[in-house]
Structures are given as structure tokens and as C-alpha cells.
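Given below, in the form of C-alpha cells, are the structures.
The two complexes that follow have chain A in common; it is paired with chain B in the first and with chain C in the second.
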Partner chain A sequence: MSEILEQIATCVERGKINAASPYPPDMKGQEGADELTRKAIDGGTAPTDILEKALVVGMQKIGEKFAANKVFVPDVLMAAKSMNAAMAHLRPFFQSGEVKRKGVFCIGTVQGDLHDIGKNLVSMIVEGGGWEVVDLGVDVSTEKFIEAVEQHPGCAVGLSALLTTTMINMEKTVKALKEKTPGTKVLIGGAPLTQEFCTKIGADCYSADPQGAVEYLNKLAA
Partner chain B sequence: MTTPRENILRTLRREGFDDVPVDFYFSPSQIEAFRKRFGHDDYKAHLGVSQRDVCGALVPSFGDGHGLFGSETLPPGTKFDEWGIGHSKGSDAAVHMTRMHHPLKGARSAEEIAAYPYPVVDGSAADRFAKAVAGHHARGFAAIGQMTCTVWERAWYLRSMEDLMMDMMTEDEKAAVLFDKVTDISCELAALYARAGVDILATGDDIGTQAGTMISVEMWEGWLKPRLAHVIAAARTVKPDVIVFYHSDGVVTPFIEGLIEIGVDVLNPIQPECMDFNEIHAAFGERLSFWGTLGTQQLLPFGSPDQVCEVVRDRIAACGEKGGLVLAPTHMVEPEVPWENISAIVDTAREYSIARYSPGETDG
Partner chain C sequence: MDNRREVVKTIVGRKTCPDRMGLYEHYWQDTQQSWEEHDGLPAGIDLTAHFDYDLREIEGSWFRSESLVDQEEVLEETDETRVVRNGWGATTRAWKNKAGTPEHLAFELTSEDIWRKKYREPLLSLDTRRFGDLDKLRKNYTDAMAEDRFAMYNNVTIFEQMRASIGDVAMLEAMYLNPDWIRDYCDVMTNHTIMHLEYLFREVGVPDGVWMYEDMGYTQAPFISPDLQRDLILPFHKRLGDFIHSYNIPWIMHSCGKIRPFLPAIREAGVDCLQVLEAKAGQDVREFAGAVDNSMAFMGNLNILAFETNDFSRLADEIVPKLKDISQKKIPFVFHSDHSIPKTVRLDTYRHALDLYHEHGRY
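== the complex of A and B ==
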């Protein structure tokens, strides 16, 4: 890997957004993901390499550390902010089709549930895994999930729930998705969920942490 | 005869008990189901809850809450609490839950945060609180001053979690200004409760998640622990024997030593899905009491009454004759918890009541 790609990956993992950001303290004054990505593009580095060999690598490292309880929610947030700063420079290449992502992941908290911390963490890590994330928000109806799948054919879907009341409703959404759009892969997550429940309701993947979700998705894309 | 108040205070001090106290907080649909079953709403009296709340001393400092949100358009029907935090209704399926709107989200300077119209503590609430406490005591109940969302969660609700965490990570003074404002109000409130004579002060901030702590121990020690310590000290200066209860969902094990150090007496709720109660009790049970421990993610909604009885017996056995336990669901009792499982908690706890044994009765 080239030096600049390694530097960008480090900035993403450490949450170094740009030169102006004082975080992390030991990188104060140094260029961040923002400046280095611009520099890499201007220097002729392929945008696909920036995505796959820098951003995905940095986010994977932070995702693995988060799953192992070595870093915490604010660290993931800072990493995602750095990734977004770099992504802003890649946007024109996504639009032109020069850089392709692994697929589309539509995610939402199920109807009746207004919690979004878990959903947002999964969104950040999956986007950092090289996926286009469509965030449907909270309290999302089954119809809205189906509509999203119709708009993004071939996408995978993530359902989040924090409460046992809304977890029970998940079964209806999974059933409807499987009936209306057969073949759609459905991932579920949230505090009260278990693998047993996932199997029972016919979802394809349960993960206790965001990294498990991105690893499952990456297998689909492989 | 021992009153419920005397009993719960004794057990929270780990000095033994006549009865194992229980506590419940029903969702509106559970209250409705209770009303249909029993013809009244007072589930706390029916289930033998030993304490009653004292709360409500903050007065809003803003006029129209919409004015706190600048150009952000809030959903129709948004209501505002005393802090100016917006709450809008979700879909019908969301029943009692609301979506939160953060008035200081996007605030750009420490000055803007300092100038926010924070609520004021109503000095005249002192008399009202004292009367409420006396009323609870006269009925034999302990009085609990409710002030959860003490520092961290209140600041997060005002600013949004994302903005606040960013401020903390970048050592931005906006975080310190906001935390100090919230802490000052909490200190004033804690002192007010203590002057009114509450037996228990209920503090709390969610710092755990299902899989681990939400923030690092270092971050908690730097930003939150000293401020929570001030709040506890504000109450203890007035009423040294007030029992301090602390709530956080999720995994909080790495914070427990620090919580004890700053004067927390009782930990709530100890979610069994992510914390092993026996391990926690073995490590901290000599210095800390526990309130909760009965899981609302698996056991209570999906377990059988027999399974509930077994867990209740295990908990009581783990705590032993000194007590230090109030049995309670780890969260609000949601609609899918069957009544049989609620009764199983109360009935099993009563098996351990000394009133069941006549004086002089022996085992053999």
C-alpha cells in the first residue's frame, strides 16, 4: 500500500478529520483525512484505491476494536467523521460511476421504535465497509422498507429494534419483505435480539455488533 | 411493626430485612390492563411498593419552545419539557414513546450554550416537597427524590449525542459549559430534595450499552464522575444519611468502583442479559446494594412464572440475610410482560417475609 493510503487509513482509524481538528491530541496540527484524500486524488491515486485501501481499511480496524470493547462510541463517531471528510472528495467519482461501492444497504429502526444509536453506529461502520447506506430513519413502516427495496433492487436490508415490543413486530416486516421481494437479505440487530429469534423469524443474519453486520454483507458481495 | 419505609432503608443499608422490597414502573398499556383487572390504577399499592416519588421543581425559562430551534421545523404537536427539549409523537405503534429534538444541536459557540434559557429551580418547591415527604412517611413509605438524567443524559438531550461526544473528544469548551450548567441545576435540585428530607436520591445517566460501556472509563472520570460527585455532595452536605441510587442501562461494571468512591449506595438496574448479577454481587455486594436485576429483554416478557420464581429465589439467596436488594424489572414493564410473571415476582418475594413465620417457630 502506498504511503498516502496508509496515512489516510490511519487518520480514519484514529478519527483525525482535518488539520484544524485538535483530535487526536498526538496528531494535532497534522493533515487529516480531508487534506490527505484531496492530495491523493490530485497526485493521481485511483479513487477506488482510496476507498478500498484506505477508508475501508481504517473503518475495519475501528469496527474490530469496537467489537472487542477496545474503543467506544465516541471513537467510532470520530472515525466516521474522518471517513465522511474523505468521502466528500470521492462523491464526484461515485456519481460518475468511476468508483463503485459493494452494494446498497437500506437500514431503519422498525415501526414503533424511536431509538437510533445502534442503527447509526451500524450505518457508519457499514458505510465505512464500502457500502452505500440508505438510512430510512426510525419508526419505519414495513411499507417503507419494501418501497426502499423496490427503489434499490438487490439491496440488503437492516432492521433495528431496542424494545421487546417492537422486536416482536420485526417478524411481520421480515415476512413481508421476503414475500414481496424474495431474495432480499435481511439483517437484524438490537439489544434484546438473539440468534434464536433471528432464525425463528426467518431473517438472514443477526449480529450483536456492527462489525458482524459488515462482515456478513462483505461475504454477500464477494 | 416495621413500616415499608423502615424495611427498605434497612435492606438498602444491608442491615437485614423483614420483607424483600419490590418495585415496578408500568408502561401506560400495563396500567390500562391493570385497571381492567382490578378496577383502579394504583398498581404500586397493590404490588406492595415501599417508596413513593417526589419530583417536579423545575420551571421553564423560555416562552414558545419552537423559538429554541432556530430554523429547524418541528413536527406538529411537538411538546417541550422544562429544559426546552422537544418531544414529538411517533407512529401509533410507538404508543407512549416520543422522538426527541435537541435545542442545542448545531450550537456553534460556548457563548451560545451559556446563553441558553436553562430552567430554574423553584425555591417555593421546598415546602411542597417537605409536605410530600411527610405525607409519604405518614403512610409508611420511603420518599425518593427523582433526578435521573443528572448530568450526561440531560446534556446529551439538549445538545444531541453526536455533537456532545464531538465536543468532548475535541476538548471543546462547549462541552464543559453545558455540563457545568446542567450540574449546577442538579446540585441545587439535590440540595432541595435533601432539605425536604427524602430518604433516597435517584440519580442516573446511561453510560452503558448492551455490549460494553458507551464511553471509556477515562472519559467518564474526566468529564462526568467529578460532576456527579458534586451533585451527591450537594445532597449529603444537607442530609448526610440520604441513600444515593444511581441508574444506568447496559454494561457499567468498569465504572462501579468509581461510583462507590463518590458515594453511590445503590446500583440500578443490573441488566442480567449483559451483566452477571452473582459476579457483581460477589465483587461489590459488601459496599453496594442493588435495585432491579430482573430482565425485561428475555425473562419477564418470554419466560414462564416458574422461571421468574427461580431467578427471584436465586437473587435473594445471593444477597443473603443482610439484604441489599430491591427486586424490580430492569426497565419499564412493557405491554408484552404477562401479569402472571409480575405476580410471580411479588409472590416469590413474599415467601421470604419474616411475617410468614409465627414467633417461636423453628425449622425442626
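== the complex of A and C ==
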């Protein structure tokens, strides 16, 4: 990997957004993901390489540390901010089709549940893993999940729930998705969920942390 | 020991074990109604009296902490939900008639600049508009102190206040990008809480204890690192704990999620009883108690997922071994689920859990 891609990956992993950002204290005054990505594009680095060899690498490292409880939510938020600062420079290349994502991941909190922190963290890390994320929001009905799959054929779907009283709505949604859009892969996550519950309702993947979701999705894309 | 108040004072206040464990519970909003409709629970009864709990949170003791106390407005209302912009400029959507946490829609207080210009100053002095009907509270206090239960005031403290006012994202980012702002916020809000509790103690009366909600974790981990908690949160928890202890009463802290890494700091802050020790976050009250040498009391940790099976045998598997160990290890303990009872738990199941408590919840 070239030196500048390594630097961008480090900035994403450490949450170094730009030169003005005071965080992390040991990188104060240094260029961040924002400036370095601009510099890499201007210097002729392929945007695909910036995405795959810098941003995805940095987000994967923070995701792995988060899964191992070596870093905490603020670290993920700072990494996502850095990644977004870099992504802003890549946007024109996504629009032109020069850079392609691994696939589409539609995610939402199931019907009856308004909680969104966990869903948002998963969205950040999955996007950082090179996927296009379609955030369907909270209290999402089964019909809305099905509509999203119809609009994004071949997408994977993520269902989130915080409460034991709402996780039961997942079963209905998974069943409907499997009936109406056979082949759709469904991932589930949330505080009260377990692998046992995932198996029982016929979902394809349960992950206790966002990185597990990325790893499953990457296997699908491989 | 027959005296309920004394049972809790012994467990929570003195961290010693009387002849039985304490008993308390919380419910989700729609549980009681469901039990009335489907399980024959008489309508409108007081569950604390009905199930003979040892503790009671005094109704009306909760005072409002938002900065602009008279600026709450309902922006939108349907049959099911209500969108409210509160006195922090935070907009949330919540269910009207069922359980659940609110959706965070927008937060205005996202920088130190906005904090200093608009929200800080109103928090610096006592404002009696923050209390509800004080005459009613005085009556509730008198009634609660007259009955034989451990009576508490309740409220939230800094971590919860930050989440409600700044929002999770801006708050957690600010802890890294502008920690001095967070320190100032915690300083102001802790003084604000103390000032208003002091007023209640003086004008209404001193309760048996104070219950503070302070969610600091989710299922997998605490929201922030133990180092950051120690740096930004602990000094203010200590200040609040010292204040409460100056009245010779204990404080009980509620926190959801996996907060085991914070246990040393929670103990250092002088928390007398930690609730609710979510079992589904991989926590075990026996391990917590061992780590602090039984120098704190604990409440909760009985896995609600076992209750929700409505299978008496699985319920017993969850409850009985824990109570036996707690008894044998002399852990100061109050029987409680590991959060709140949802409507998916049938009344008979909950009654069976209480039967198990009465059979095994002895020292």
C-alpha cells in the first residue's frame, strides 16, 4: 500500500478528520483524512484504491477493535466522521460510476421500536466497509422493508430491535421477506437478540456487533 | 425482620444482610393494563402495595432538569405517537400508550457556543417551576414515610441529562473534541441537581434514599471507556454522592447495559446500591459482589428473557441458583428483574417468580 493510503487509513482508524480537529491529541495540527484524500486524488491515486485500500481498511480496523471492546462508541463516531470527510471527495466518482460499492444494505429498526443508536452505528461501519447503506429509519413496517428490497434488487437487509417486546415483530418481517423476495439475506441485531432467536425466526445472520455484520456481508459479496 | 423499611436500610444503607433479601420491581408502561385486560388483575391498583414491595419511589419528587423550563411544546401528535420539542431544544418522538424508548429526531444543543449563549445561565439558580405540585408532593411524602417501605426521591443525573439534551452523537463526539465543555456541563448540572434536591429536602422532607437513573452502557459495553468515565463523569458522581450522604441517606444508581468496567468508579463515587445489572449483557451479580467484597448492595440481574418464556422451569433455572448463591455468599441484594417487566410476561409467571423469591430469598 502507498504511503498516502496508509496515512488515510490511519486517520480513519484514529478519527483524525482534518488539520483543524483537535482529536486525537497526539495528531494535533497534522493533516487528516479530509486533506490527505484530496491530496491523493490530485496526485493521481485511483479513487477505487482510496476507498478499498484506505477507507475500508481504516474502518475495518476500528470495527474489529470495537467488536473486541478495545475501543468505544466515541472512537467509532470519530472514525466515521473521518471517513465521511474523505468520502465527500469520492462522491463524484461514485456518481460517475468510476468507483463501485460492494452492494446495497437496507437497514431499519423494526415496527414498534423507535430506538436508532445501534442501527446508526451498524450503518456507519457497514458504509465504511464499502457498502451503500439505505437507512429506512425507525418503526419500519414489513411492507416498507419489502418495498426497499424491490427498489434495490439483490440488496441485503438489516433488522434492528432494542426491546424484547419488539423483537417479536422481526419474525413476521423475516417470514414476509423470505416469501415475497426469496433469496434476500436478512441480518438481525439488537440488545435482546441471540443466535438462538435468529435461527428460530429463519434470519440468515445474527451479529452482536457491527463488524460481524460487515464480515457476513463481505462474504456475500465475495 | 418484619419491618420493610429496616430491611432495605440494612441491605442498601449498611450493606449487611437481614434475614431476607429485599423486594422491588419496575414495569414497562403497558404491562399493568395488559394484566388487567388478560390476566384478571384488578383495575388501577397500586402494584407496590399489591406485591408488597419494600421500596417506593415517591410520586411527584421528580423535578425537571431541562434548561428552558417553560418552553416544551408538542409539535405533532397522532393516535400513536407524540413529537415534542423540550426545553433543551431536543425533538423526540415517543409512543403515547406503549412501552419503548423515544426516537431522537433533532438536537439544538450541539456545541459549547450554543450552551453558553442559550442554555447554561437558566441552570445556575433555583427555579421552583421545575417542581410539580409541591403540596401534592408533601402529601405523597407524608404518606410514603408513614407506610412501612423505604421511600425514595428519584431523578436522572449527568450522563442521562447529557443524552437527553445534547444527544448521543454530539455528546460522545464532544467528549473527544471538547472535553472542557463536557466538564462544564457536568459541573453545572450536578450543582443544579444538588440545589433542587436540597430544596426538596428542606421544603418537603428528607426521604430514606435517592434513586438516580444513569444509563451508561448498552448490551456489549459501556458507551465510553473506563478512563474517560473516570475523567469526565466520576468527579461529579462523587460530588452528588457526597451531598446525598451528608443527609445520612444512601443513593441507588440505575444503569442499563454492560457497565462492569465502571464498577470501581461507581463504588468510588459512593453509590450504595447498583441496579439493574442486565444479565443479557453478560453480567452476574455474584461476580460484581465478589469484585467489591460485598461492600455495595445490588438489585436486579434476574434475566427478563427467562421471565418472558413464561416457562416456570426456565424461570426457576434463572432465579433459584442465583438466590441460593446470593444467600450463601451474604450478598446485600434486592430481588428485581434485570430491567422492567414487559407485557409479554404473564401475571402468573411473575407471581411464580415471587413465590420463588419467598421460598429462596432468605439469608
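Basically, the second predicted complex is superposed on the first by the 222 of 222 C-alpha atoms of A that agree within 3 Å, B and C clash if a C-alpha of one lies under 4 Å from a C-alpha of the other, contacts with A are read in each partner's own complex, and residues count from 1 in each chain.
Note that contacts are C-beta pairs under 8 Å (C-beta built on N, C-alpha and C of every residue); 3 or more make two chains touch, one makes a residue touch a chain.
From a predicted model like this one, the values you see are computed outputs, not experimental measurements.
Because the two structures share chain A, they can be overlaid on it, and in that overlay chain B clashes with chain C. Contact with both chain B and chain C is seen for A:209 once the two complexes are overlaid on the shared chain. In the overlay built on the shared chain, the residue A:21 is in contact with chain B and with chain C.
In the superposition on chain A, A:192 contacts both chain B and chain C.
In the superposition on chain A, A:141 makes contact with chain B only, not with chain C. Once chain A of one complex is fitted onto chain A of the other, the partner contacts of A:111 are limited to chain B, with no touch recorded for chain C. In the superposition on chain A, A:169 makes contact with chain B only, not with chain C.
With the contact threshold set out at the top, residues 15, 21-23, 69, 71-74, 77-78, 81, 112-114, 117, 120, 138-139, 163-166, 168, 191-192, 208-209 of chain A are in contact with chain B in one structure and with chain C in the other.
By the touch criterion stated above, chain A contacts chain C in their complex at residues 15, 21-24, 69, 71-74, 77-78, 81, 112-118, 120, 138-139, 162-166, 168, 191-192, 208-209. Of all residues in chain B, those touching chain A in their complex are 90-91, 93-95, 97-100, 161-162, 165-166, 168-171, 209-216, 219, 273, 296-298, 301-302, 334-336. Across the complex, chain B is touched by residues 15, 21-23, 25, 67, 69, 71-75, 77-78, 81, 111-114, 117, 120, 138-139, 141, 163-166, 168-169, 191-192, 194, 208-209 of chain A. Residues 28, 93-95, 98-104, 168-169, 172-173, 175-178, 218-225, 228, 280, 304-305, 308, 342-344 of chain C are the ones touching chain A in the complex.
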